[in-house]
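Two complexes, one shared chain (subunit A), two partners (subunit B, subunit C).
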Partner chain A sequence: MSTDSRIDTSKVATSNGTTAATASKPGPAGSLASWADDRLGLATAMKKNLRKVFPDHWSFMLGEIALWSFVVLLLTGVFLTLWFNPSMGHITYEGSYDQLRGVGMSESMASTLNISFDVRGGLLMRQMHHWAAMIFIASMMVHLLRVAFTGAYRKPRELNWVIGCLLLLLGTLEGFTGYSLPDDLLSGTGVRAADGFLKATPVAGSYMSFLLFGGEFPGESIIPRLYIIHVLLIPGILLALIAAHMLLLVYHKHTQWPGPGRTEQNVVGFPMLPVYAAKAGGFFFMVFGIIAIMGGLLSINPVWKYGPYDPTKVTAGSQPDWYMGWPDGLLRLVPTGWESVIFGYTISWNVMLPILIVPPMMLVILMLLPFIEGWITGDKRDHHLLQRPRNAPTRTAVMVSLMTFYGLAWAAGGNDIIAIKLDLSINQITYFIRVAIFLGPALAFWITRRWCISLQRHDNEKLLHGYETGVITRSPEGQYAERHLPINETSAYTLTARDRDEVYTVGSDTDASGVAAPNSRSEKLRARLSSWMYSHNVQKPTRAELEEARHHAEHEAELQSGLDHPVDGHQFDDHRLRDTDDVPLRDH
Partner chain B sequence: MRLLNRTAGRLSRHRRGPLAGLAVLLLGLLISGSLYTVFSPAQADSQPSETEQVAKGKELFLASCSFCHGQNGEGVPTVRDGYQLGPSLVGVGAAAVDFQVGTGRMPMAAPGQQAPRKKVVFNDEEIAALAAYVASLGPGPAIPNESDYSIDDLSEEERQEAISRGGQIFLTNCTACHNFNGAGGAMPRGGYAPSLHGVEPKYIFEAMLTGPQQMPNFSNGNLSPEEKRDVIAYLGSLEETPEYAGFTLGGLGPVSEGLFAWVVGIGGLVGAAVWIASHTTRTKKSKVNA
Partner chain C sequence: MSNDNSSTPEHPVNAPDGTPVPYETHVPTHRETEPIADPGLPPHTWRPTDVDPKAEKRAERQIAAMFIAAMISAILFVVAYFTFEVGDNWDTFAGMGASTVALGLTLGVSLLLIGTGIIHLARKLMADHEMVEMRHPAASPQEDRDATVQALNDGLAEAGIGRRPLVRNTMIGAVGVLGLPAVVLLRDLAPGNALDISKLGHTIWDPGMRLVRDVVGTPILASEVEVGDLINGTAEAMFPTEENGYPELHGAEEQAEKAKAAIIVVRMDPDDITPLEGREKWTVDGIICYSKICTHVGCPISLYERTTHHVLCPCHQSTFDLADHARVVFGPAARPLPQLPLAVDDEGYLVAQSDFTEPIGASFWEREKL
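Up next is the complex of A and B:
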């Protein structure tokens, strides 16, 4: 963008070089800008930030889906609060929905029905709000996976990773409190389950439950309390954390994929204005549009069919929203009899383990991932260039292994629907997953790691032997061979733009005078883990290997040059043979 | 197939022959005559008597049902204690036969966890005969009349009340297995509560009355005939009510909603992200060298 060179300075200042310049009268936009700048001091901040550069890659926009769906949540949520009545007072429904007319229910349920059937656009807003919530959390998870798989959580971004994990947790809690509000049969069942989870806490459980519900379940307080948590407390924290997340993003600058011209010191991409503002703004409308289409066409949470909550009723297919599905699945997997009685008190391991122990533990593991990795590698450098998943085989395998665990627990949460839709037995699905939840992650880890290492080998082959042209030549002796051609400079640079992995090793346990080195035990563990993480990785070729490969390729090209039809494969592609008097290969 | 083609070809060659018109006329008369014979209202005197029906039913029963239910409908136990090839039919009543055979569940195609609904093998007359025979084995619920499950003779206000009441009875007694939408649900070991969509009111009434397969029995003392009628009215009203909210996604609850959030929502939005990122600042799609 060369806007600077096009500015005609005569419009801004009048000077012949000998007298002082006098500013001409600014236009209306200019005077407004100066008015605001004089009072807010925006110019300094804007000058820098309007030109802030963002690199261009689709995977960098996944977090943006979360941001924009949160905006949709705020907009639709405000609409809903205008009519929703978070009260558990009993009334008789007399609204438009025939099948429930004359049925007693809470005011929150009745106002939800009112929003759905009697407020113009209410049902669309309700459904958009719910779909946006589902997409909000789903996009956070997809964004999290991108960050993890590319190693973007390494120094200096560890704390932003932790903030992201907290956002995921809060989003989940926000979703739970939200879908509990209508006080319909499904959400009431969910609140009852939450009550059970609280009560499964040893010693404090029943006190916590009584405190939250203001007495025995269900009481009359839970909906108003969940409401204020849903519309004030959690959104406030969410907003603050989103702000912190994005301020850190600006402070750290965006990560980028390696490539020619891209270093740890720069960011290559497009500036905020005019390019990224347009792209991001456009993306907001796309997110809004897709959510609006879903809200308009796809039914979600038809509370009128569930009817009002009544503790004596339950419906088949009572599941939480998808993001709570995996703890529900774990709950379904644990055998029912796992309880122990200590001093006359029952400890319900069958509820504690799948709900109160494993999910929080998984969250802590997730938050600690960058710190664990940082400790093992001992890497204290800043990283702004991303890694391809294959170049960190162990990390990639750990993530796939966690995903497998999550996926299996998730599937267990829908075991009844899987059973009826695939004509399977719900018992056998459960037995299978009980075993698979242990074997699956291990198997996934092993397969992924070997897969990544094979891909690394493939990259090295491309660097050293070139790519397969698909051109088969026959030698005078009758031997057939496929011609390989060197890959182009850009690809070769990109493939080699990665660090060599260094396996951490401890020296001797004792120093020269026979005194044990401090922390020798943890250092040994660290060395073992480092070797476990890195020793199988395939390192990129050395400079000598690359030079040799290049001479070999040149020699091959010379042999071909005598032919009247050089079969170099270029008739099929736009790759070029490297110029011999090219700049020497970079040394990494 | 080749043979058919050849026959058709041969026929087609004669379609303009001098006798073709006559042949078509005769064929038409033959078809309309047979159709009349099949569909003409039965004469009063052709209605079989009770005893005749039972005798005919027994014949059908011996041929199609006795292998599992025993030659006298007493049931056939297997070597495993408490297990049967087929249960005793003494006292199940005509309603049970009408339900099981009328929905094609019986005769079973193969032993299994549950008899699935399939194509009906007997005609109405045969089903009536079978029902009469099984009813003769011991007292049991009779096939309900249409007046038992219809709300047509109620006033508009009464109908409205019946539907609301039926909905509450449905949510209390039926949704635990059949789901809030009547879409069905899973039962232990491969069993399932079937979908209630499009099931004729008579069969819903009979199912409640007789408790087929894993379903509990809602006797008239438990749910009065009026309450059964109300449940049927509620289910009917659900089918008549337009889906205000859009496609129901199978009416299965949050699992299918989650699937759509990921596939349509995240799938579509990631697609949009790929699209945006692949379009640079240039308006022309020429190659960028950067």
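Up next is the complex of A and C:
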């Protein structure tokens, strides 16, 4: 039933061609392909890839959102460049917006207002561009979490994980350089803070600031420089890395969830042509459409309300875009006075630590996760089947722990907003998060791990004792019991389709003659970490345990049903029916 | 793209009797201990559109309707483009311009309908049988790896670089030194004395220079400042006139001086002030003046609470006590705001006794040296 030859396609709708362009009947598509292949020789590469199989799951769509919102960013961005003037030359605004007419501002601010008020569709494109940027970064983050929680970053996909992390970093920088361009009061405040970060760099900081700004802050160079970084340098690298990301995806073939017929050796799903091409292409239009509606209905970054940048002014509640919120929060958490003067030179720990040290460190930790895990487990196998988060309790707990750190830092970045909206003391919020940022991740780790292990136990319960029917029976003796019935074979197989965890032990890496590996200290550390990582996990039942449980259950069912021969319990539900071939067109 | 291992069968995942086909060596091999055998792919089920011509026709009509509605919406976009004015009526609809709302909705609806139409087509009418493709190790076959390593070694041996350390080392050196021009070329990002970081050490303030209000540039009479007032000010030199004789500033220089000259002036009960040693004479009847630029990362501070004399930076909430030499009472800043020593001139206007006695704004490496 799994092979093409066994599928009767005669019932497939006549409107759809299942036998497109074959050699025997070239047709127009075939003729064009032949013409192209005579010159480009693509047929060999296309032979397999045109019908390449992609597995289906809703979570595989998250990265696609990132890809399509990037395309929207390119399209709307090109539109904006046609009017935007990245110059800090000082002019007097004379456009349509009343409240700022006659006010002096930079040409970049004036051209931003021009796009917003005097170009039809300009404000729509600006808002679409900004919303698309938000969605781009948000979907990259959620995609990253999906990949991490399901163990998709394991061998052979570690390098694609690293590329993904770099994409997130570049996306963030692209966002910062982009929202700095209008030269409004809010973005200018962000640029001034960035100048402060640069100046906090030891030894070269002051010079780095002067070189970037073309002299003393604010200078007249920063906007044109950020512009070329924003429209050429970073997008170029982003495009190259996205291409590499996609090529590796195609080369490795997509991971899939385990299930009947879905193994480490195969990939089961729909072919690229036509189903995935249509679904992915259609999805592009949907992402584009939703961004267009957001751009039309939801105001974002109304720079005209902030006014032009003035280095002596600031608005209350100044916030960076949300994805820059967590380093900003770390900055706010530093206690008063963390600065030292050594040999007459100033070291600003209060800026270095939360901006120049911790965020890059977090990025490095993120990139190293698959390598650290691979080293601890000593697992050199390829993995193409995804793991449920519960089946890797330590990994899941580490990710939740990192998310908790991120979330608390992010909350600290909005401590003023939280204080105003919830009528709390900003000082107390800050004191609380200063402690919570250390305790929270530890607590989150512990809770998540125990939670995962409990869920693993629950899975084993279902395998061994079946599911809870909610049917309460009363025995002749007056004893009450809830009836458990076996889960169906598909679910049972899917629950057991995972590897047993093997705790790494020292000596398991000995060579043929039994000589221990030379670096035994690191081996011991590795064994300890492996034990820490795996020893609490619940392993799936063995075949013998399952058999025994089934005999027990059949005996129970026999007693309960009043029959005189063993029964499997499925006379109480329709699960047996569900596994048979003779029930066509079931809709559940 | 994929590893072309043509000996592997393309489709079968399981033998007809449901037992798994032999596994390759690079993947987990303890299947024999699996508690439940792989039951194999479930049977394909037909959709209503596959077996019911009516359902099929209905799906066709639905999809075509979506595409036609998308066309209409796109045409409405064009109509909206030429109908709705932009410009001064930018907030006619829910705080947004009618043009922006109409263009966004028509464009979005058109795109969404095309998207849902295509996806509906894929789900209802395109063949929906799942296919199976075999995976291959990411690594190349061993003979290819051996051949590549051989080619690499042959190439390196023929180049002879390894045998000629003099050539190798000087070549590496030459390319390495080429980094110098690349770095030096960036020197003129801040050309000439634009790179003079000693500018961070002083501002435009001079002895006797008047304090003025920052927007209008009018000087501040000491007698007009009430207790509890906070005035955002700057140096008179930022408003050059023929009378005051200060030179005109332009462009980058003006912006840089403006950024450093910003001050806040407050008046409080003189008894509330606890002056730092040596600063007893820096105030005028409870009028005290500080740099407006936060010592954390350089945001202008703005929120003043007159009862506590605290001023708060809205960027990262550093809080300074203006009565106590702008000591940091909360938040990440490490240093007090620099204080501008004040005096009064013959006409009763507030003037600076001198420039700030330390660099204003964010900390930097050479700060103590300037």
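Everything that follows uses one rule, which is that the second predicted complex is superposed on the first by the 520 of 588 C-alpha atoms of A that agree within 3 Å, B and C clash if a C-alpha of one lies under 4 Å from a C-alpha of the other, contacts with A are read in each partner's own complex, and residues count from 1 in each chain.
By our rule, contacts are C-beta pairs under 8 Å (C-beta built on N, C-alpha and C of every residue); 3 or more make two chains touch, one makes a residue touch a chain.
This is a predicted model, so every value here is computed, not measured.
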item: Partner chain(s) touched by A:292 [first = subunit B, second = subunit C, both, neither]; value: second
item: Which of subunit B and subunit C A:301 touches, first, second, both or neither; value: first
item: Subunit B versus subunit C as contact partner of A:425, first or second or both or neither; value: first
item: Touched partner set for A:61, first subunit B, second subunit C, both or neither; value: first
item: Touched partner set for A:48, first subunit B, second subunit C, both or neither; value: second
item: More subunit A residues in contact - subunit B or subunit C; value: C
item: First, second, both or neither for A:123, with subunit B first and subunit C second; value: both
item: First, second, both or neither for A:161, with subunit B first and subunit C second; value: neither
item: Which of subunit B and subunit C A:138 touches, first, second, both or neither; value: first
item: Subunit B versus subunit C as contact partner of A:312, first or second or both or neither; value: both
item: Contact residues of subunit A, present in both the subunit B and the subunit C interface; value: 98, 116-117, 123, 127, 261, 268, 270, 275, 279, 282-283, 286-287, 290-291, 294, 296-297, 299, 310, 312-318, 415-416, 426-427
item: Subunit B partner contacts - residues on subunit A that touch it in the complex; value: 56-62, 64-65, 98-103, 116-117, 123, 127, 131, 134-135, 138-139, 142, 185-186, 261, 268, 270, 275, 279, 282-283, 286-287, 290-291, 294, 296-302, 305-307, 310, 312-322, 325, 413-417, 419-421, 423-428
item: In the complex with subunit A, residue positions of subunit B that touch it; value: 113, 160-161, 163-164, 167-168, 171-172, 175-181, 183-190, 192-193, 234, 237-238, 241, 243-249, 251-262, 264-266, 268-270, 272-274, 276-278, 280-281, 290
